[in-house]
Amino acid sequence: MENSHGCPRRVKNVSLEELRDRLAEFARVREWEQYHSPRNLLLALVGEVGELSEIFQWKGEVARGLPNWSPTDKEHLEEELSDVLLCLVQLADVCGLDLGQAALTKIHKNAQKYPVNPKISDTTNFPNSYP
Amino acid sequence: MENSHGCPRRVKNVSLEELRDRLAEFARVREWEQYHSPRNLLLALVGEVGELSEIFQWKGEVARGLPNWSPTDKEHLEEELSDVLLCLVQLADVCGLDLGQAALTKIHKNAQKYPVNPKISDTTNFPNSYP
Amino acid sequence: MENSHGCPRRVKNVSLEELRDRLAEFARVREWEQYHSPRNLLLALVGEVGELSEIFQWKGEVARGLPNWSPTDKEHLEEELSDVLLCLVQLADVCGLDLGQAALTKIHKNAQKYPVNPKISDTTNFPNSYP
Amino acid sequence: MENSHGCPRRVKNVSLEELRDRLAEFARVREWEQYHSPRNLLLALVGEVGELSEIFQWKGEVARGLPNWSPTDKEHLEEELSDVLLCLVQLADVCGLDLGQAALTKIHKNAQKYPVNPKISDTTNFPNSYP
């Protein structure tokens, strides 16, 4: 984390593998691995999803692109979205699973489960439990 | 999704940008963008976190690496972890935010907030709301 | 549960103590107490909140009273709301806490924290984390 | 809330109807009903479940009765359990549903779905999604 690239804004493509490795190193040097059991991380994930929900809870419906949100509110949202992601990456890691490959595989399965067909692309085809 | 690379297992590094673009295309060709408002996707994310939790709910504590889990159970877990990730990527996308860069920035902030210091690296330094 | 009153619809006031006692008996006679550790029940609660969210996830904003919902959809919602409640009651019970009294105490605290004052009852007084 | 009974600890049985009525009055006098749409309250519920999870997130498995918890920690837990309950009661209320009766009905359904049978009361009968 304290390496030479300094400003993380200049990085172009962010891979799940990079996040995983950074987070593993982050925990290792702080001796926090002892706390990172699967269920501890799962509950931490739930906690972060709660904080994400709090941002949206009293707002009513929100338009795509968040047109009326202040930069501060958007930054807060970025932080909470990130916290959920970081927990998720760590949870997959301590479970010994490859989250990136799993996600690609799941997109592939979804594409087979919900084929593109203009003739029936109506709401009746929209699944309850998708994505 | 239906392109020539076929087997997604051969891809090495999976970036959040790639997932974002695939999911946006997935929704576009199915005309599902109309359902993908921020709060709809947030509730879908909560639903997926619920399915993820159900896998762990009656198991008691689970060891790192899931030593006693069957391949089927691990695949199920990979799917639920992926569903959470896919909702999260889409939520960030419809909010117009760059999840990968946001995650790197958050790791950077966490590193500053929780400095490595062997002399005080005890449990009192472990934050309640980390990661 | 299989007692003489039969139709639970005739009961007037449903107390948290009654739910707690029924659920404790339900688990006891099925020998399910062994699964009801606090964290197991917490994850079960998260799973039920996920199922509750799935009902609302693709609907956009929903009006008070659910004017356009079918009886079937309302019954489904009643079941999921109940599942969340039942998990919560059991979680409090295995923690040895009195949920009903705790709820009254919390309402009392909230009333002190957010006093009624017509002169300042504007949105700036609406708390971010208030339930 | 500001009535004569003062100390809520003396109340014996707490009914869901009482909580519903108190919360409705609480919102009415503060003119907060405008914020209490079903999806707003649902997201508030998710936020409260997140805060509840944070209490348990780094603790590893927790024994029934919380034998090693301090009174302060138990009080914190009571507050978070209550916040979840209060959101849930309000959500059912704005949906026009009777949560108490729904809960009794659900217990009744569960009793039929999972009959007591000592001869097969083993783990294979324990449902994945049971609360």
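Each chain carries a letter (A, B, C and D) given by its place in the written order, and its residues are counted from 1.
Going forward, a contact is a pair of C-beta atoms (placed from the backbone, for glycine too) under 8 Å apart; a residue touches a chain by one contact, two chains touch by 3 or more.
The shown structure was predicted, so the numbers you read here are calculated from the model rather than taken from an experiment.
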Between chain A and chain B, two copies of one chain sequence, what rotation angle (nearest 5 degrees) aligns their Cα atoms?
-> 180
Using CA atom averages as chain centres, what separation in Å is found between chain C and chain D?
-> 4
Distance-wise, how many Å sit between the C-alpha centres of chain B and chain C, to the nearest whole number?
-> 28
Touching two or more other chains, which residues of chain D qualify?
-> 35, 37, 39, 42-44, 46-49, 53-54, 56, 58, 60-61, 126, 129
What topology does the chain touch graph have (line, ring, star, complete, other)?
-> complete
Complex contact set, residues of chain D against chain C = 1-2, 8-9, 11, 13-19, 22-23, 26, 29-32, 35-39, 42, 44-49, 52-53, 56, 61-66, 74, 77-79, 81-88, 90-92, 94-111, 114, 116, 121, 125-126, 129-131
In the complex, go through chain D and note every residue touching chain B.
-> 39, 42-43, 46, 54, 58, 60-61, 126, 128-129
Quick one: in the complex, what on chain D touches chain A?
-> 35, 37, 39-40, 43-44, 46-51, 53-54, 56-60
